[in-house]
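Order of writing sets the labels: A, B and C. Residues in every chain begin at 1.
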Amino acid sequence: MPAYATNMRIKFPILALTLELITIILFAIFVTYDDGSSHGHHAPSNETAANNLRLYPVFQDVHVMIFIGFGFLMTFLKRYSFSSVGVNMLLAAFGLQWGILMQGFWHMEDGKIKMSVLRMINADFSTATVLISFGAVLGKTSPVQLLIMTVLEITIFSANEHLVAEELGASDVGASMTIHAYGAYFGLAVARVLYRPGLRNGHENDGSNYHSDVFAMIGTVFLWMFWPSFNSAIALSPEEQFTAVVNTYLSLAACVMTAYAISSLVEHKGKLDMVHIQNATLAGGVAVGTCADMNIGPFGAMLIGSVAGIISTLGFKFLTPILTSSLGIQDTCGVHNLHGMPGILGGLAGIAATALGKKKDGQAPMQAAALASSLGFALVGGTITGFIMKLPWWGQPADQNCFDDSVYWEVPDDEEENEESLAHGDKNKAEA
Amino acid sequence: MPAYATNMRIKFPILALTLELITIILFAIFVTYDDGSSHGHHAPSNETAANNLRLYPVFQDVHVMIFIGFGFLMTFLKRYSFSSVGVNMLLAAFGLQWGILMQGFWHMEDGKIKMSVLRMINADFSTATVLISFGAVLGKTSPVQLLIMTVLEITIFSANEHLVAEELGASDVGASMTIHAYGAYFGLAVARVLYRPGLRNGHENDGSNYHSDVFAMIGTVFLWMFWPSFNSAIALSPEEQFTAVVNTYLSLAACVMTAYAISSLVEHKGKLDMVHIQNATLAGGVAVGTCADMNIGPFGAMLIGSVAGIISTLGFKFLTPILTSSLGIQDTCGVHNLHGMPGILGGLAGIAATALGKKKDGQAPMQAAALASSLGFALVGGTITGFIMKLPWWGQPADQNCFDDSVYWEVPDDEEENEESLAHGDKNKAEA
Amino acid sequence: MPAYATNMRIKFPILALTLELITIILFAIFVTYDDGSSHGHHAPSNETAANNLRLYPVFQDVHVMIFIGFGFLMTFLKRYSFSSVGVNMLLAAFGLQWGILMQGFWHMEDGKIKMSVLRMINADFSTATVLISFGAVLGKTSPVQLLIMTVLEITIFSANEHLVAEELGASDVGASMTIHAYGAYFGLAVARVLYRPGLRNGHENDGSNYHSDVFAMIGTVFLWMFWPSFNSAIALSPEEQFTAVVNTYLSLAACVMTAYAISSLVEHKGKLDMVHIQNATLAGGVAVGTCADMNIGPFGAMLIGSVAGIISTLGFKFLTPILTSSLGIQDTCGVHNLHGMPGILGGLAGIAATALGKKKDGQAPMQAAALASSLGFALVGGTITGFIMKLPWWGQPADQNCFDDSVYWEVPDDEEENEESLAHGDKNKAEA
């Protein structure tokens, strides 16, 4: 079974070291510090530096969302926490370097990419697309495949982002379209290509346990709290930044209420479901992204958040099972419900808001084109990337090894002997 | 047993959606962005926005305290972690919206409430009162009852806060009186009204396990670290803000030393007790709250923190059992020791400091009146709220289902089968 | 066995309360608020205060690294999480008070130590040395011994730091030499003196379990994210602060790639090892510390980070076992690999960078002297401290009680009965 050769000893180190070496060489050629001028001594002046540092606290909030937020959100799987937080860290750490290059190539000054805090924020943003797609294929792909996906997804993201922001001149301050919808549909396309019939009837490890659900809430809550920073970080003026903070804060608060209400409404005996609480409470941040800096009014933001909480929870309950059974899309984390539909909702809200004149110089047709472009790049790019990831050479876990850290990680013995063995009988399986 | 009808399927969604709908309508009528003027175009100017954004990093620290700090501090119960962090999020997300309205109604400009970052900080503050009271009744109330408590407690808090700050002109920058003492005694009054004789001899789930204690330390440490932001966030001048930061930082550091020392002194064989470490280490932040911005000297702050650590630890050891057995006050998290007594200590320290002239324009009698007012509003408001929460219509968990997530949450199966079943035999109980 | 008298009931409270009392008295005599002048009314002016508050967000990042980062990084031991995060908090809370005094005595103004945010950052820094050394002796020392170590290590650190920064005029913005190398070799010297032959063949509790490894990742990720704040916090100008942020961010990102690659390369079947991921991914932050504010170029920072990730991972795999078996240095957390070698690498990189003119006014010989001084103070200071800690009077855990919280903490019963008893049989042991 060459496709299931899960031994990474040669492939993974070679790929990782090669990618890092190429990256360092490209940095040596192209990247310098932001010195505030188009030519000069390549060291930052105090004024430029102070200007850069103004955004530093917001950058750190975004950084926490990327590394703690996404990383811990995915620890909900009972035997896949090492991979969730660990591979998340790997992809994000490489992705931000790659993102600086890919985004930077569209914005060179004197043939150089100038490192600034804004560029660091955008680099973190570019990794978010990968981490969203990672959620769709979580548990079913190898680190080698995922590094390949990181290279391709960020490259394509940078092209689409340039098209949307610079060519179309569309507004997407919180990136509902260019990050959330793009990342989700890219990941769903990859998941479709990597469809595993053997997992049609589920997998015993494709679920949470009590403590893994609590770990996941660390991710949820940090994402929820710092989302106003995400949606406002690249706003052009203090006025727009402040508006984006207020709108996102209120959208998320309203979203929590509707997500909890609908979770209780659709669940057995009115109980709350952790999957909904961990994910759908965040849909308000996604959906208000595009029009976060627009003058939609506090209650407008709350309306968007309320609707996002409702459709996201309903999606987890009713749509995800259909996608799996009818379309062959196995979406491990339900990114379609957290990033996909709320991202489209955000794009539509942006079209409506610009049409209603809520954004200075905003143009509804350009917003619509940006949404279409993001979805197109995602579906085509994701499909091609999926086929590249499917090449047998990279290796991927066999169906029975999915959702299990022990394929790619040294897992402590006592855990297997003890806590998990009753349910899984791994030790026997391993010895058999 | 209609009072124990724990099925939330109809009640909870209806209540949550109705509250959110009312809130959005009130926001549509009354709330706009801070535009820096009393009349105008209802969009923030760049100058006003930049001014607002100065407080944003401090706001985020407070936000982390509310959602991670309070949420994870309460995860110490071994089978109630979903509710602790999840219901904490629900109450805080609704409470901040309600707090903007209730506090805003006392400070309208041109008939409008202007959203600013300072207002967001104050809204987060208003939710802290609810989360403190939540600690007193943790494990013994339903989400429906707790949403009712949120509405009432924040409404009453806003009235007392207005009286203390505007009418009495008392100083309470870190809110020892208006948040901590108020929240604690409000919650204790509710707990007294909801007294459960059936839990007189304890409950098997009213305790921690090893990992739930570690999760709780996440809450403790984030609260401890960011408390200087809490106590300085609404200070009027940079001078007072800086003083509050230094005083709170030192008070908390000293408090850790005395809390650890006393914990070891009073415990069996000199061992440390996690309950003390998780809670009493924070008492220094509560107790220095009122006089955090006063010129009490670094050593004065350390003295207050040292005393707070001592009385808080002694309270957990000796007073809580008496409150339970003699007064019928079942205080799950011991909020009397963390927020109640240290809050009163903070109020008394504030009276002394103003009497000693440590605060410009501070008046000791007004400080005393503020303390009395906060306690009075808490006890009367909490008692009334408790009786409203006790109405059979809302439903509350039966004694045997207390401290158990599975009443209101879908809990992963494997956990029950596996790890917990040996101790609790829940599965059998459920099937019986 | 008086040396193994683990009952802390008298010793620990007396020591902790005495230390705190002495500290408060010294604060009363020597410490006032920063008022921006060398004489005056001892209350901060608005201008000084505003200036101080500029550094406050960076201070909070460092604070999170000290209390969450170090605290949770060490929770990886399966039965020592209470001590890791709890004793970390104790040592850091006392250490920062002691650090303000010890560092302040070298920088008095008018016979007073002026509290500023910069001083709070430096106080947090001084505790980092202790927490690094704590990692070397984790699980094998009592809180009493560790408080003694805190007093001595910070006192000696302050002398070396003064020598390096003021007398030698060496540059060490991210403290590769004065904190990381110093803390590591100080701790290793202590560990050598406290060598336990009885642990030569390991200990059943000297290892992780699944969830303790996930808890440790909370520490890793927060350290990783906020390291740019650590390395830039005390930079003299915005230009240098910004440069330090960029260099540290990139060094850490590159370090992740090489640490993962080498971990897979050297491990059984190419699997990743959590010990490497938790620790070696951070070596890039340590190694770039000394020259973080120098004009080494983005790719220079990435080269340093890449090398650090490689040597750190190789150190864990090949060097630590040799240190244990041949030199009698039992380094629980492997601080030699995370702080020791990368700290020396940082010092060497600093010598090279100043020799190449990358730092204005930097002098390579002074950098070399600073590295030698830091190592000398560490080895001599650590050895003396080790012998003081070894005095039988303080008490230390017996070999069989090492790595076990239950010696110094009340540990929940149900955990022992349940989850852990299968592996450890503690209950029987305790009853026997």
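By our rule, a contact is a pair of C-beta atoms (placed from the backbone, for glycine too) under 8 Å apart; a residue touches a chain by one contact, two chains touch by 3 or more.
Please read all numbers here as calculations on a predicted model, not as lab measurements.
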{"item": "Between chain A and its twin chain C, rotation from the CA superposition, multiple of 5 degrees", "value": "120"}
{"item": "Equivalent interface positions on chain B and chain C, same or different at half", "value": "different"}
{"item": "Averaged-CA centre spacing for the pair chain C and chain B, given as whole angstrom", "value": "33"}
{"item": "Set of chain C residues in contact with two or more other chains", "value": "57, 211, 218, 419-420"}
{"item": "Chain A to chain C touching residues, read off their complex", "value": "7-13, 16-17, 19-20, 23-25, 27-28, 31-34, 42-50, 52-53, 56-57, 60, 63-64, 67-68, 71-72, 75, 81-82, 85-86, 89-90, 93-94, 96-97, 115, 117, 120, 143, 211, 215, 218, 408-412, 414-415, 417-420"}
{"item": "Chain B-facing residues of chain A, complex", "value": "57-58, 61, 78, 207-211, 213-214, 217-218, 221-222, 224-226, 229, 237-239, 241-243, 245-246, 249-250, 252-254, 256-258, 260-262, 264-265, 267-274, 277, 281, 295, 297-299, 302-303, 306, 419-420, 422-423"}
